[in-house]
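Below is one structure. I have some questions about it.
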Amino acid sequence: MATLGFIEYKDASPEVRAVYDDIMATRKTDWINNFWKAIAHDPVTLRRTWEDVKQIMGPGALDAVSKEMIYLAVSVSNQCNYCIASHTAAARKAGMSDAMFKELMAVVGMANETNRLVSGYQVEIDDRFKTT
Amino acid sequence: MATLGFIEYKDASPEVRAVYDDIMATRKTDWINNFWKAIAHDPVTLRRTWEDVKQIMGPGALDAVSKEMIYLAVSVSNQCNYCIASHTAAARKAGMSDAMFKELMAVVGMANETNRLVSGYQVEIDDRFKTT
Amino acid sequence: MATLGFIEYKDASPEVRAVYDDIMATRKTDWINNFWKAIAHDPVTLRRTWEDVKQIMGPGALDAVSKEMIYLAVSVSNQCNYCIASHTAAARKAGMSDAMFKELMAVVGMANETNRLVSGYQVEIDDRFKTT
Amino acid sequence: MATLGFIEYKDASPEVRAVYDDIMATRKTDWINNFWKAIAHDPVTLRRTWEDVKQIMGPGALDAVSKEMIYLAVSVSNQCNYCIASHTAAARKAGMSDAMFKELMAVVGMANETNRLVSGYQVEIDDRFKTT
Amino acid sequence: MATLGFIEYKDASPEVRAVYDDIMATRKTDWINNFWKAIAHDPVTLRRTWEDVKQIMGPGALDAVSKEMIYLAVSVSNQCNYCIASHTAAARKAGMSDAMFKELMAVVGMANETNRLVSGYQVEIDDRFKTT
Amino acid sequence: MATLGFIEYKDASPEVRAVYDDIMATRKTDWINNFWKAIAHDPVTLRRTWEDVKQIMGPGALDAVSKEMIYLAVSVSNQCNYCIASHTAAARKAGMSDAMFKELMAVVGMANETNRLVSGYQVEIDDRFKTT
């Protein structure tokens, strides 16, 4: 059970319900996952986080599946188990195929490897890579 | 200067040159960036790393710009300055616009935030997210 | 079960018991949590770690609840589940209210977000922030 | 220089200036630090990030200096150099003395040490620490 | 269960079986651990990862137990639970005694502590430590 | 310059000098590197950290070069530039050859890669790896 427990829809205050309703409407789903129910104890954080996620993950220069895969890449790199489970589901819903998932994992693994080779060999930034 | 210094093309052994040549041919460029010149002191690691990168970053289910942006997302999350500089350049070369870069950063920031809200609130994985 | 198992009080050597006794006396409690029982297989590490914790977490320029919240902030950022569970309990015992917990989480989330925006945008340190 | 460069006040659009003005008014200062000038290329992210920071770091259950020290603790744990420099300055402005800084660092160091002892010894969460 | 499930030997394609056979022969064992069975859904990643591991962990300037302990040190620092469990087992098989394990943990803990003291105090690199 | 600046030997209090003297005697060297001079503003942390390092890095079940390489592996994984520079020097002084350094880097890179493949594929711990 989460630190403060979960707030279910039926027990939620009107302000929390309003966020839950918007989450379900935006995501075209009929349930709320644990993350939101856990932070709902802090309605200000609930609303701010949801508004931020809605804005950032919405349509833009990047499509939905790319954004979800980037979210997943970060969560894997940080080794956040909940986030990996939830964003794997979200990425699949947005269109990530098994083939895309496998390539994503390969890239994430490789980046984590070369990030450390770079720091371990103390590689300096090439002048051509510097912004001026 | 990197830990073991850099191996320039003119000073490289034939096996190192062969990798350098393949890097330049594959990337359609005429120079080698510092990362490869730093790890070239270990020709086995140089070859293995390059072969891995070439395979992973090559055409597949994900396009080149998506892969570079994922690489950049991981490097930003890990805060590897060299990798951020080099993969920002690579992602741009592969087609990342400023608008795409900005959205990428927003997603990476958000993912790092919610990863910690999740762990801080000790959120359990929803049954629906579990693989079975 | 931990790698080397747990050493219970009744099975402990005199030197381990001495540390356990000091932990319970200092913390005004009658039990030892798993962390100490796991590292007790290495009595030197047990004693050093406890002496360090006792010194660092004791009264000083920062009060006990602030120190426990900082400890929790780091543990959340590192996503160490055991540490989050144990230091949430310790922070509460030291006086952290639910309202304080919620603000703490908001700050930790925000810091993790902006840490990556900073590195992703490759922001240079302002001269005014440099120590001289 | 940051990836997209900095947007100075005199070159800023009205919407960016509005955020800059609010930052300076809220913080009672007459300059804008590089972080904001770097992300100002994305006015939506600039506004969202500033609104979030203003809300989260404002008065509440925790005082300003505690919040800045927690921000600094996370930045140190993540080893974000810019963030360490800027939040050390901010924490001092909010009242962090040298003595408080030293204790903060000691706690951050200790937490990072025991986080790894816990994971390395594979310590299980005590039943008493579990939320129910 | 892993994201894509596990591929057991009896259900594996010839190319996957070939890797499994090489793992068992190289490691002188008669079973395949979950990691390989999870990534076997991507036979290219399975082969590449195994070939890399075999090359890197094989005999060289460092002996097998040193390599396994370094692998474990990284896994503990990253707090990857699976990796800690599997590489603790591997290190023991390669000759790590309990005394060696305890010292390893002490070093990993200490390094994680001083890494943050260094960044928190913003310590500059000594000229003598710079490569030239 | 470090946050609080450096305390040079000639300006040090007797208690700081005593630690400096012990560092130089133990390490058979005639200078103090910046890390100690930066934290010397907090003599309690200076002494505690030095006593811990001396105890942990001293002779035991692991030899000096192994311990320094493990320290370096963690520092590389955490991407702490100062620590990488100082512990590369320390490891070399303790006997790390270039060949050993190269293998160390290869292992650190590989571990960071597979740590993420494991979490990304959500691999469960094998029963055989569980401690009982």
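Worth pointing out:
Letters A, B, C, D, E and F mark the chains as written, and numbering starts fresh at 1 in each.
Note that contacts are C-beta pairs under 8 Å (C-beta built on N, C-alpha and C of every residue); 3 or more make two chains touch, one makes a residue touch a chain.
Everything numeric here is computed off the predicted structure, so don't read it as measured data.
Path length between chain A and chain C in the touching-chain graph (shortest route): 1. Chains touching both chain B and chain C: A, D, E, F.
Comparing the contact residues of chain B and chain E by number shows a mostly shared set, over half of all numbers used being common to the two copies. Using the average of C-alpha coordinates as each chain's centre, F ends up farthest from chain A.
When the contact pairs of D-E are matched by residue number across B-E, B-C or A-C, over half of them reappear in B-C. One finds 27 Å separating the Cα centroids of chain C and chain E.
A straight line joining the Cα centres of chain A and chain D is 21 Å long. Shared contact sites, meaning residues of chain C that touch two or more other chains, fall at 1-4, 39, 45, 49, 52, 77-81, 85, 88, 102, 104-106, 108-110, 112-115, 117, 119-122, 130-131. Viewed as a network of touching protein chains, the structure reduces to a complete graph with every chain in contact with every other.
Residue ranges of chain B in contact with chain E, taken from their complex: 1-5, 44, 48, 52, 55, 130-132.
Listed in rising order, the residues of chain D touching chain C in the complex are 1-4, 31, 33-35, 38-39, 45, 49, 52-53, 56-57, 60-62, 66-67, 69-71, 73-75, 77-78, 80-83, 85-89, 97, 99-100, 102-104, 106-108, 110-115, 117-126, 128-130. Within the complex formed with chain C, the residues of chain A that make contact are 3-4, 39, 41-42, 45, 49, 78-80, 131.
In the complex of the two chains, the chain B residues touching chain C come out as 72, 76-77, 79, 81, 84-85, 88, 104-105, 108-110, 112-117, 119-122. If you check the complex, the residues on chain B that touch chain D are 79, 88, 98, 101-102, 105-106, 109, 122.
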